[in-house]
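Next up, some structures in structure tokens.
In the two assemblies presented below, subunit A is common to both, partnered first by subunit B and then by subunit C.
Entry: the complex of A and B
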């Protein structure tokens, strides 16, 4: 029973990680990364290490995707700004 | 170096790492066995020092010096972010306009904010007793504050979150850890030694210096994460111009 849970959780991680690699849009990738963090947290919980699972959940599912989204917004904003600056030409 | 030589170098290095990894993996004990020599010893020492959460005992007592290194990495990384993401001379700040928030989103975020904050503080306070501790709780508490940005807007978040105060908290947490370590040195044994009475197992005040070091980490991490996100949010929402040169291009056009 425990083995089945571990296999299921690891499969979830592999699926989420593969999806993260194949997602080309950075904003969407941040969401997939959050799911990957969640899947890793499940693995750590199943393997009886709740301390690591908590860290993974807080950093991998909340903090990293948030920073990625903010960085994407900044980069896109700059592109828009340049576009506006060039318009009068 | 030519491209071919670089590829060869990469191949040699890659194969070397692969061989070493393979040797190491085949020498590991089997997955999920019953023999855990390090685990047994760590749990025994943790119980001897009346710390119910063995992981916290390893982090803040048996290997407290490692944790000093880790928190210093976070401290230095956040310091680097603050320097890199500051407002430069050719940039300017514009407060973002208030945006419309859907009532269900606002309600959900406003309800979850205090709950999440409380969970974060609980996880910090009970680091020596149950899973979690200063690092996990600090991150949870810091991200909880940002639910206000989702519920209302950036201006509201800036009101409850003076970034300068959190930067001071970040430094104070780091300093408290080093000072507690030095106190261990002065109390007679070694840097970061557990010199306080161990207390009663499974109570809030158990574990000697563990709860204090844990709290120092909690303050440091919460401060660090808030400052880190503040710099990212400032860049994404407020600071405009500079970089690849929006305004500079304006100047060139003016001259033409």
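Entry: the complex of A and C
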């Protein structure tokens, strides 16, 4: 019965990871990845390691999506810029 | 397995599961709200786990999450502003965010009562206030940011 929480948290991780794989748009994937980070933090807490969960929270729910979104923004901005430069006048 | 752990498991199944579904499907505005909801729910799950395992130190996880969660939502509202402006959040989304900000403190209250006076109680009160303020601010940012974008597009 005590393992129920571990099983539930692991199921959530599997579901979140599968959803992240099947989300093709990187900007939307960032949101699912944030949830994956949260689920992993719950797993670590349930396994009695709050220190790992603490760092997982900071990295998984905030830093990874932020870096992903910034990268997407930069790539898109560059693409738009190049497209404009290549336009025939 | 005591009542607090059962409550945490229930919240995981009935709360975080649907939030995951909401974040994985649908328009961007729904995904952002679902992610915000998941942050709030996992924060509450952490508090319940701290009570269930009788380890007050675990409350720090909830404290960190209550600070990081709304900050993350603000980041999404800012960086996904273009997509949010293309499909602006409806009044329903704004109402959902307001409901979230009001719903958090009543859920923290039973924990406060059980904890009793002390350091943990102060932490719990801070977490409740942070959740309420954070959800209010991020809800306003989502609605307001999209609104501003639309005005600049029109003008």
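As a convention for this text, the second predicted complex is superposed on the first by the 86 of 89 C-alpha atoms of A that agree within 3 Å, B and C clash if a C-alpha of one lies under 4 Å from a C-alpha of the other, contacts with A are read in each partner's own complex, and residues count from 1 in each chain.
To be clear about the criterion, contacts are C-beta pairs under 8 Å (C-beta built on N, C-alpha and C of every residue); 3 or more make two chains touch, one makes a residue touch a chain.
Everything numeric in this text was worked out from a predicted model, so none of it was measured.
In the superposed model, A:74 makes contact with subunit B only, not with subunit C.
By the touch criterion defined above, A:5 reaches subunit C but does not reach subunit B. Look at A:32: by the touch rule set out above, it reaches subunit C but stays clear of subunit B. Contacts of A:50 after superposition: both subunit B and subunit C are touched.
With both complexes placed on chain A, subunit A has more residues touched by C than by the other of subunit B and subunit C.
In the superposition on chain A, A:16 makes contact with subunit C only, not with subunit B.
When the shared chain is aligned, subunit B comes close enough to touch A:59, but subunit C does not. Residues 50, 53-54, 58, 62, 66, 70, 73 of subunit A touch subunit B in one complex and subunit C in the other. Looking at the complex, you find that subunit B touches subunit A at residues 53, 55, 123, 131-133, 135-136, 139-140, 143, 146, 225, 228-229, 232-233, 235-237, 240-241, 243-244, 246-247, 249-250, 253.
Interface residues of subunit A facing subunit C in the complex, by the touch rule stated above, are 1-2, 4-5, 8-9, 12, 15-16, 19, 22-23, 27-28, 30-32, 34-35, 38-39, 41-42, 45-46, 48, 50, 53-54, 57-58, 61-62, 65-66, 69-70, 73. Remark: subunit C residues 1, 5, 8-9, 12-13, 16-17, 19-20, 23-24, 28, 31-32, 34-35, 38-39, 42, 45-46, 49, 53, 55, 57-58, 60-61, 64-65, 68-69, 71-72, 75-76, 79-80, 83 touch subunit A in the complex. Across the complex, subunit A meets subunit B through its residues 50-51, 53-55, 58-59, 62-63, 66-67, 70-71, 73-74, 77-78, 81-82, 85-86, 88-89.
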